[in-house]
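What follows is a pair of complexes built around subunit A, which joins subunit B in one and subunit C in the other.
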Partner chain A sequence: MRWEVFRQAKRGDYHKHCGDVHAPDREMATLFAQIQHGRRMTTESLWVVPSEEVTEIDADDTAFGGRTDKAYRWATAYNVDASFAQEVADSEEEQAEVEQSRGDD
Partner chain B sequence: MAPLRALADLDDEERAAAESLLFRLADDEFVIAERYTEWQVVAPTLESDLALSNIAQDELGHARVWFDALGELGYSERDLVWERDPGAFRHSTLVELPFAEGDWADPILRGYLYDVAEDLRLDAVAGSDVRELVDPVEKIRSEEEYHLEHAQNWLERLCDDDAGRERVQSAADRLVPHALTLWVPGPAASAIDSSGLRGESLDATRRQWLDTVASFLESLGLTVPLDPGDDPTESLPDSVGSDGNHTDHWPRLHDELTETYRELGRSDVRRLRGEGT
Partner chain C sequence: MDIETVKARAGPREFGRADDMPEEYREAATRMLQFHANSEIMGAYLEKPFIRQSPSVDRKLAFSAKVQDEIGHGQLLYRAAEALGVKTREEMLDELARGDGKFLNCFHYEMTDWAETPMIAFFVDGAAMKRQATLKQSSWTPYAHAMDKICFEEGFHVKHGEDIMRELATGSRKEQRLLQEAFDEWWPRILQFFGPTDDRSTHHDFAADVGLKTMTNDELRNQFLNAYVPKARKYGLEIPDEPRIRTDEDGEYYEVVEADLDWDEFFAIAKNEYPEGLDQIDGRATAREAVAWVRDSLTEADAGGPGATASAGGD
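Showing the complex of A and B:
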């Protein structure tokens, strides 16, 4: 049986998928995951999940948004002087990067 | 609690006792690690392979701890490992025996018998008043918890059906007498106790070991070929190892593990960067 392993490097981080282990049951899976995915890096926590419990949504299903003009949703579509607060500037920058990577205009 | 003493501050008699204790601790760790590595690449699954290899590395690390303590007493790595006469090794026969070929029950049960013993040994040296014995215990124990859990989880699963349980039983019949050699007192036994090098006598530790091992194995439907009241000396194998009398398997293993050193014509060993820190 296959188990997916998610690793959190430090408290507050997201758990990120880092690989899988084969094990007959949950207890053995955690034992093997510890060795394979926890031992060599600082690890705050591991999630070990039966692979079959992971539901996949593929690219066709995730492409539902962004097909019509929704420029009003983008912070970058507005002329705001963001210099008054660093977090607003950061957020705008982040938004611009996302738009670029999505290929939006 | 009284402040801890340093190994270097022991008098001659205490020093000899400490050496004798340390050689047994170190050699058992070193040799069982060497044996475990034989399962690399051939364990039942990739995962079990990695787990056992990691355990082998841990045990080598523990051997290093005790060898380093012997280093404080003037021994070099060359004297301790690479050029030591095989007859001067003080490990028990439990750790030197080859594994029954292809039988996963063997390393698992052997690991269990050894890890319970190691745990109790750590308790005993943690109760000493010598810094080099007490200080490493916590670090070693944190790794030992995994080893015990690993062995117990596997044993529970191997004993889940009749065929598996029979294999474990036959490993127990073969290995328990050898595990008893871990508790055979050497000539320094009473000096070790009177010098305060361990908080618990060898005899008391053996009784605890047998209680723990027997109650766990019996809970899995196995029988332990020995009762707590039995005289353990009657169940011992012909060679006990810790007195320097080993089985024929040991010189062969020693030859193998020192082969590269000899082949390369080495006369000393260099420490890797970061080692011993």
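Showing the complex of A and C:
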């Protein structure tokens, strides 16, 4: 049986998918996950999930956002200065980064 | 974990679902998150009519995107609240419909004219974003994670709100007049957004001690005034003489004269006893009831087993 492993590097971080393991049951899966995915890099926590419990939907199945031009949804579309408030400027910058990488990943 | 350990360890994103948190922490975090989630939902209902009332297709698209965002933020926050194990999402939504759920003062007022929209979309969202940016450092990790996504999206909301204000402020004399009237009406409410000064805030000390929040209402109000008063002036808005706001010798805003604000109204709102606010609560409860059949049909499909249903809504 295959299990997907999500690793959290440090407290407060997101759990990110880092790989999988083979194991006959949950207990063995957590053990193998520790050995295979929590040994070298600093690890705070692992989530171990049966692979068949993960449901996937991909770009062939559906039309995700991000590929169509929806400029009105982006802070960058509005020609007013965001620098007056740090948190607004930060948000705009994060959005600009995502906008630029659109289609790259 | 006992409360002293929580206080000793309190820091940004320190606690999560795997930690055994004491009841006092879970209740305080639930109170904050539920208030925040309710506010997202009630704010969305306040702005929803302006999808229809938008003067252009661009504004219509932006308002519908924004309302969709806010409902998603509400859902995100209910999940972060639910993870504390105190209340389920359904309980919180029921409380909101019954008039027991609390939410931001500004969303208890009616908004009827287009010229009012920047009051919410720029000033109130801007004030909310000030607070939300600090909550990225909350000790309850699901709260901080929700803030990552919410703050990412909010930049659009605030800039869109400013763009509407710019358009009105540089428009016809009538538009300028309507904008000023809206500002006169909303300004005291916006000043009350951060609540009364800290010595009268009952919940702050504990929430700060356990790292749920990192900044006082006074600090946030001050930062907000320093950023947003110059913006209002830039667009030719006159700041009303009352309520008075005082500056120190460097021109930094440091105090709102509290006696100039209507605290009876504020506390009536805080108890969900303000007539306009009750209309907002009832309006939402009615809308929720009207689409109960959608939820019911999803639940019925759920009973059909895994894969029998599409998931509802999006963030």
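Basically, the second predicted complex is superposed on the first by the 95 of 105 C-alpha atoms of A that agree within 3 Å, B and C clash if a C-alpha of one lies under 4 Å from a C-alpha of the other, contacts with A are read in each partner's own complex, and residues count from 1 in each chain.
As a convention for this text, a contact is a pair of C-beta atoms (placed from the backbone, for glycine too) under 8 Å apart; a residue touches a chain by one contact, two chains touch by 3 or more.
Because the structure is predicted, anything quoted here is derived from the model rather than measured.
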- prompt: Quick one: subunit B and subunit C on subunit A, clash or fit?
  reply: fit
Query: A:70 contacts which: subunit B (first), subunit C (second), both, neither?
result: second
Task: Return first, second, both or neither, reflecting whether A:17 touches subunit B, subunit C, both chains, or no partner chain.
output: neither
- prompt: What is the angle, as a multiple of 10 degrees, that the CA centres of subunit B and subunit C span when seen from the CA centre of subunit A?
  reply: 120
Task: Once the structures are superposed on A, label A:2 by its partner contacts, choosing first (subunit B), second (subunit C), both or neither.
output: neither
Query: Is A:26 touching the first partner subunit B, the second partner subunit C, both, or neither of them?
result: neither
Message: Looking at A:36, would you say it contacts subunit B, subunit C, both, or neither? Reply first, second, both or neither.
response: first
Residues of subunit A touched, compared between subunit B and subunit C (which is higher): C
Field: Touched partner set for A:85, first subunit B, second subunit C, both or neither
entry: second
- line: Closest CA approach of subunit B to subunit C after superposing, in angstrom, is 20
Query: Which parts of subunit A are in contact with subunit B and also with subunit C?
result: none
- prompt: For subunit A, which residues are in contact with subunit B within the complex?
  reply: 21-24, 27-28, 31-32, 34-36, 39
Sites on subunit A touched by subunit C in the complex: 11-14, 45, 55, 70, 72-75, 77-80, 82, 84-92, 94-95
Query: Along subunit B, where are the residues that touch subunit A in the complex?
result: 45-48, 50-51, 54, 146, 149-150, 153, 157
Statement: Within their complex, subunit C touches subunit A through residues 12-14, 16, 18, 58, 61-62, 65, 126, 129-130, 132-133, 141, 144-145, 151-156, 158-160, 162-163, 166, 227-228, 230-231, 307
